[in-house]
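A, B, C and D are the chain letters, set down in written order, and residue numbers restart from 1 in every chain.
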Amino acid sequence: MAWTRDQMAARAAKELRDGFYVNLGIGIPTLVSNFIPPSMNVHLQSENGMLGMGPFPLEGEEDADLINAGKQTITELATTSYFTSADSFGMIRGGHIDLAILGAMEVTERGDLANWMIPGKMVKGMGGAMDLVAGVKRVVAVMEHTAKGQPKLLQKCTLPLTGTAVIDLVITDLAVFSIDKVGGGGMTLIELADGVTLDEIKDKTEANFKVAQDLKSKAA
Amino acid sequence: MNKIFPDARSALAGILKDGMTLMAGGFGLCGIPQILIAAIRDLKVKDLTVISNNAGVDGAGLGLLLETRQIRKMISSYVGENKLFERQYLSGELELEFNPQGTLAERIRAGGAGIPAFFTKTGVGTIIADGKELREFDGATYVMERGLVADVSIIHAYKSDTEGNLVYRKTARNFSPMMATAGKVTVAEVEHLVAAGEIDPDAVHTPGIFVQRIVHTPNAAKLIEQRTTRPRIAA
Amino acid sequence: MNKIFPDARSALAGILKDGMTLMAGGFGLCGIPQILIAAIRDLKVKDLTVISNNAGVDGAGLGLLLETRQIRKMISSYVGENKLFERQYLSGELELEFNPQGTLAERIRAGGAGIPAFFTKTGVGTIIADGKELREFDGATYVMERGLVADVSIIHAYKSDTEGNLVYRKTARNFSPMMATAGKVTVAEVEHLVAAGEIDPDAVHTPGIFVQRIVHTPNAAKLIEQRTTRPRIAA
Amino acid sequence: MAWTRDQMAARAAKELRDGFYVNLGIGIPTLVSNFIPPSMNVHLQSENGMLGMGPFPLEGEEDADLINAGKQTITELATTSYFTSADSFGMIRGGHIDLAILGAMEVTERGDLANWMIPGKMVKGMGGAMDLVAGVKRVVAVMEHTAKGQPKLLQKCTLPLTGTAVIDLVITDLAVFSIDKVGGGGMTLIELADGVTLDEIKDKTEANFKVAQDLKSKAA
């Protein structure tokens, strides 16, 4: 059984640690905030210039001056601070954010990412994506395993790149892969969704990958 | 030296000309100088190069200047919300230069701070680095990006004193403080105008040296692009 | 994640080592982290490279670490007030690297913001540019300067909440906000410690992400280097 | 009669214009603030991180957190703002300060300045001087015409430089010279202190200089 969007977000939430400063992208990554354990103190950054992002406001309490990087109305917390976009990306580029979780169109076995542009379609722009993948300490991509039956985990991206050797972990609806982006040790399958077989993953993945030792024994 | 102007039109008088470079603050529709944008539309200056993170939406923000075809080129990080933009771009009427958002913010800061160029890791290995100088520092590869300045910057602030010391509110701050430093002339529209001494000098976001002209726009409606709420839980 | 430590010594525990690079905030004796400096003296770590605009005075500020010969090298813009400094420098015990004050401030900001190098006009044609890369942009000559980072930054702030959101007071702000961003670990001594939510989020100078350790030092005396006054005119 | 320190400061104050943002150096330049016309609105910048610098405090009202770049206690005004040293030098380097008035050891006919270091003596450091002369729109040097009988206006500096082609105007105790630092048009004598003759200036100046037309007619 493939994971639902919520299950993928819950799996991504396992990458959080107490005290982490985290940037969540649009889409499934936004859902991750619903799965932060109550005991855990996690600070959400919004790259337009805010640390300590709260939930969406109650109806009637929206503030036009308070939005996230997806332009959605949000709220502040007791811990909140505001700053300029230059300071915000100084924070990102300078390696001060512990973790970014973002959506992806294509990821390669060496950690290259494409998620901003489809040639032939109108280009909307990369926004802060290139800065985030270049600067954040650990970057997790969350995406469907395939698109219209075609693999999205590739040996080489076909779409224009957002960054090269930037992804540490990929969570799809079928499995989880780690990538040794710094050491060049390639991609390793480390988890399968319940009921998903190694053969199914092999069938739907173009990228080369190793299989983690403990997964092999489980799958055997 | 009186920096206060009675309205947006007079605050822009004598500083606009065809072909000029304009910076406009704001992120999406949050913190945009909408009264000044409307005045620029009415003043009909054209062939503008506009540096702004986004391009407004149809009928609001910089969308107003797209409707009137006053913009020749945009330097932005994301323009996804604007159908008119798409049509003008695809027809070749409008030039577009994409910058990663952090690179755009830093280029503007650099321009205002007398830094002609800097190196960043952002965009290395992507089309953003095409044709730009690459260099290694301590084993990693960086791309050189240039500072940006403008003939005029237009920004929105929450509060100003008569000296032009500005305070922004929440995430409406975004690009405006850097743009204030990078404009040869900076014009601020402000929700609240107070006497000098009424803003805590430790809490000033933009010192008055960066603001040449101020217009008080107390009742401008603020627009929300993505009204998102959570349900009230019944008590 | 509790960032509050009971005293300066515990706040520095486990992060000091011989030969490390330390940034220390302050301008002259204004805004220096004097309680943390005294604790570093007591903890006897040595061969320090210290990045700080000045070197304290005899018996105060970084002067304390000069007395104990814990500093091997200073990176500063002005060290004129310190006789002990002069003796150690002339005897060859102490290395010294001068940076123009603005270049020093910008190098620290760059280091904290992930910028490995930038260009500035400051120092072109002087000994400061010797051996550094020069480059023309738009007809003017600039020198390339590198970003600076530190193993540990020690700073003084007026107020902190329990998250490490900091507010500085008047000109005691100076280099501390940039140093907070450029230290792998930043330790702040603060005059006032308040609960989260008690600092206006629009008025935070240093967001808590940059502050790993906080020590509350409510009653530390502040020193004045040049007490200068004007006469009271008889009424 | 040579000008006194106060007269030199008063002459320097004539370079101020209403609305100017100005940085004053240590020594005679500090005295310039005593000669700002009451009708004129001039903002003094202190490069440690302040705009809108007020006078020295009354005795007993000194604040250790409020000092100028010379480390002297000062006061704030209604117009004051504080900022970081990085923002302060961004202001300076970015050309936002209209005028700097500073002391000098040597100035050349092309506007080179030496004012921070005497070889063989203990070097105190350049502080913000190199940034100020490189960044401020117009830079005025105020100094004694000679030191121990030796000219300080030279063809070439003998001391280590603070900047090259940076000085627009030199005010000494004997005369005032303009320098065309951008156009390379050299140095021009434009004023003499009362009772000082052109011959005295020629005698005490090593730098080449022209004599302004209106001064020639006055001196004739």
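Annotations for the structure displayed:
In this section, a residue touches a chain if its C-beta (ideal position, glycine included) is under 8 Å from a C-beta of that chain, and two chains touch if they have at least 3 such contacts.
From a predicted model like this one, the values you see are computed outputs, not experimental measurements.
The fewest steps needed to get from chain B to chain C, moving only between touching chains, is 1.
Interface comparison, A-C versus C-D: the pair with the greater number of contacting C-beta pairs is C-D. A straight line joining the Cα centres of chain B and chain D is 36 Å long. Distance between chain centres (mean CA atoms), chain C to chain D: 29 Å.
Averaged C-alpha coordinates give centres for chain A and chain D that are 55 Å from one another.
Each of the following residues of chain C touches two or more other chains: 106, 109, 113-115, 120-121, 168-170, 173, 201-202. For chain A, residues that reach two or more other chains under the stated contact definition are 76, 82-83, 89-90, 92-93, 135. Interchain contacts give a graph that is no line, ring or star and is not complete, per the touch definition above. Every pair of chains that touch is listed here: A-B, A-C, B-C, B-D, C-D. Every residue of chain D that touches chain B in the complex is listed here, in rising order: 18-19, 21, 41, 43, 45, 51-52, 76-83, 87, 89-97, 135.
Residues 46-50, 55-59, 61-68, 70-74, 76, 82-86, 88-90, 92-93, 112, 122-131, 134-135, 160-164 of chain D touch chain C in their complex. Across the interface of their complex, chain C is touched by residues 106, 110, 113-121, 135, 137-138, 140, 142, 146, 167-170, 173, 200-203, 205 of chain B. Here chain B touches chain A in the complex through residues 27-31, 53, 76-81, 86, 89-90, 98, 100-103, 105-106, 108-109, 120-128, 158, 168-178, 222-232, going by the rule given at the top.
Chain C meets chain A in the complex at residues 1, 109, 111-115, 161, 163, 165, 181, 195-197, 201-202, 204, 207-210.
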